[in-house]
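Chain nomenclature is as follows: A, B, C and D, assigned in order of appearance, with residue numbering initiated at 1 for each chain independently.
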Amino acid sequence: MILPPPGLELASPWMNAAGSMGFVPDSRLPFPHPMGAFVTNPISRKPRTPAENRTCIPYPGGCLLHTGLPNPGLRAVLRQAGVRWARADVPVWVHLLADSPAELAEMVRALEGLEGVAALEVGIAPTANGEDALALASAALGELPVVVQIPFDRADEPWLDRLAALGVSGLTLGAPRGSMPVPDGRLVSGRLLGPGLFPQVLAAVRSARRINLPLIAGAGLFQQAHVEAVLAAGAAAVQLDAVLWRGWMEG
Amino acid sequence: MILPPPGLELASPWMNAAGSMGFVPDSRLPFPHPMGAFVTNPISRKPRTPAENRTCIPYPGGCLLHTGLPNPGLRAVLRQAGVRWARADVPVWVHLLADSPAELAEMVRALEGLEGVAALEVGIAPTANGEDALALASAALGELPVVVQIPFDRADEPWLDRLAALGVSGLTLGAPRGSMPVPDGRLVSGRLLGPGLFPQVLAAVRSARRINLPLIAGAGLFQQAHVEAVLAAGAAAVQLDAVLWRGWMEG
Amino acid sequence: MELNVELVELRLEGGLLAGRIHVPVPVQITAGQYFLAASGRPDEALAAVVFPAGNMDGWLDLAPPLPSAWSAGTLLHLRGPLGRGFRLPVVRRVALAALDGITARLRLLWNQALVQGAEVALFTRRIPASLPDAVEVLPLESLPDVSGWAEYLALDGTLPQVLEWKSRLAFPGVAAEALVNLPMPCGGMGECGVCSVRTRRGWKHACQDGPVFDLHELEAL
Amino acid sequence: MELNVELVELRLEGGLLAGRIHVPVPVQITAGQYFLAASGRPDEALAAVVFPAGNMDGWLDLAPPLPSAWSAGTLLHLRGPLGRGFRLPVVRRVALAALDGITARLRLLWNQALVQGAEVALFTRRIPASLPDAVEVLPLESLPDVSGWAEYLALDGTLPQVLEWKSRLAFPGVAAEALVNLPMPCGGMGECGVCSVRTRRGWKHACQDGPVFDLHELEAL
């Protein structure tokens, strides 16, 4: 396991995935203690409204969640949550969603120096190729450690090997995307959540060990044994998602 | 949908995935008629014994199958199956497994001119990067149409865009790989099969439409509706796997 | 509140699974509130949204449909009651409409209306098996006719159903609410937003601000 | 043979699910043969390997363990009987050993032995609930002691269990077979090879060449 760089040490490997616990850490939430870090919901520069065809569709082993990643935009989040991040007893990682490096750099500047913010997690848009993603990661670099989040099914892509040299501090292997037909015949696309993803995220962790970065396994973990397996396979930390909403599974 | 090139027209979009129906087409098998093509189990130049830790592990939405792809080697397969391929009332696609371009070229020469063999499907090893895979595909080109098979989670990789210009005739989006812990604490890796893969294979078909090749959706299809959805999304054909062993699912 | 309970009874109601659990402590539930119920089963990635259909003597009836994989003896982890329920005013004439044919989610509400001494009209395409005599059942298509009669109207259905019926009804001045039945996977914990509903006061989350909304406040998708 | 049947009865046997189905036509089954049984449930990617534990008057008993999601009324698509079963010779003294504690897969075999007039000794760590009086139950650990007594020996367990016991037993000249219980997802249809077993005559597929093998032929993993 590759250890996190200075400034990014975790009190425990337990984290939540962006989108699973809202914008503000809440000590009443059902989370293993101590929590390594709290990751905010994805935040964009401008407000994002819910997707028109937002939905949650179960399938064997998981569900497809399409929301459009609604959020009130960075300025409003800071107004509502900034003080509570500063007061939180857990380091806050702010998850950022950006369409361009310039937009991202602007958001990063607004976050630097904020009390309580320990790191930035940068989500890579599904349409971004390796060069786009590297440009985004570079734009995020500044005073705060930067962790890049990709869907775990991109863990084999060669551009990831260049993240460490750029100065990125970690890589989150997050939920993959999928599509499902809806009754009107159209397709809906979104993140996949569920225990059926576990064999794939475990394989992705193994594959990503080649990358010289601490890895965070961030999808498909629904049993304590899942967490133990990805940590044993080399992940430095885990991010839980829907298991926080439903509770641990048997077995 | 991109139509298959001359020589590769299918009587129907229904095929089986390599590894699902053995080495010889059998008219008693529970297959929709007419069958577009019969795909053989993976065949290597030399015999391959079963993997030492061969296993089949169920998980929610699917199962991990690790066999080591045992087969008696091309020479023995031709001895046992060659005549029956020639007599079959369905075009036979021979699935080839090779560690190097030279080995593959040798196998291809042995298959050219054989009656009944309509195409070659070339499996890409999990460890092969894009350049390795392109070299393998090139080595397979000759008299027979060549279809390249990749795990569907590689559908976004940029090298795939170069397959059409090489002269490859189609792309199969097959089973992805995963890992699971086994009781002794080690991990086992293998192909994933099951209906829980459907949202991912559907997304992979959509993503792979950018590639100027006929696409074959070859994993996660367990309901008739799954087949309809991937065909509507642009697949030219489907390959069924474990659904042939268990029968269609409800819904 | 968090509860670990056993599903002690299952039965079919209109072809759908309904159930019953025993709750060790009295639970204060408002009609229209819901629970998130997770079984330990590894094939259920999400907790199910479950509405109570009865709450008496330590028994809680669960409205259909329940997940078809549940059976008697299934252990459930329950979180709730969650959300905002109906706010039934003290009126004499109450109209309820099951837009999707399932009346069980409205049962606590009609019981409350009867206790308050109101006349109750239930509009539905499917007549429920057991119903108090005092509840008058009417075909859903005749719902627009009650506009002069009802002093309170409650709709129950999917968001498109609720919005479509809202556009066909005219109840100026009548108190009207709607239980909007949509996916609520996180119950607000994640602010995931999949349950977002557009209202005159902006975007609301059905899981916390609903699932019951003032019908007049709801806006088109 | 392909059959669509309903699981009419389920019960616990030693804490594991066992079941019963009705088969419309008489089925010729050899002890040790199996069925692939698929439910329509979308959470079961593969058919389950199911061994018969009784076959009388149109009823087929299914040995435990059955998938825990199955319930009475579950519809099953059955393919079988598949594979090669036990070849019980006509002898006087038969020893059977349930290496994994589940005796039900051996039930058809001991019935056959009793019909042939043999004495039957069953070696197991767990005593089964119902057993003909004529079957003598002995602790598994004493299995090596029967080497002078038994004229036929049948083992039942996983491949590692069978191989380990084989190495501890010496039965020169005694007919001995083993039911090797391992995953058989394709039942031979795909020649997937996951059920491969090494024998003196080369690699064999348990799904077709077994799951019962001559114990003397089995070789180490």
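Methods note: a residue touches a chain if its C-beta (ideal position, glycine included) is under 8 Å from a C-beta of that chain, and two chains touch if they have at least 3 such contacts.
On a predicted model such as this, the values are computed, not experimentally measured, just so you know.
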| item | value |
| --- | --- |
| Graph separation of chain B and chain C (steps between touching chains) | 1 |
| Of B-D and A-D, whichever chain pair has more C-beta contact pairs | B-D |
| Centroid spacing, where centroids are CA-atom means, of chain C and chain D in whole angstrom | 50 |
| Chain centre separation in whole Å, for chain D relative to chain B (CA means) | 34 |
| Centroid spacing, where centroids are CA-atom means, of chain A and chain B in whole angstrom | 33 |
| Chain A and chain D: spacing of chain centres that average the CA atoms, whole Å | 48 |
| Set of chain A residues in contact with two or more other chains | 59-62, 194-196 |
| Numbers and ranges of chain D residues touching at least 2 other chains | 41-43, 45 |
| Chain-level touch network, classified as line, ring, star, complete or other | complete |
| Sites on chain B touched by chain C in the complex | 59-61 |
| For the chain D and chain B complex, residues of the former touching the latter | 36, 38, 40-47, 77, 183, 185-187, 189-194, 196, 203, 221 |
| Chain A contact footprint on chain D (complex, rising order) | 42-43, 45 |
| Residue ranges of chain A touching chain C (in the complex, touch as defined) | 19-23, 29, 41, 49-50, 52, 54-56, 58, 60-63, 65-70, 193-196, 222-223, 242, 244-247, 249-251 |
| Interface residues, chain C side, partner chain D - complex | 41, 43, 69, 71 |
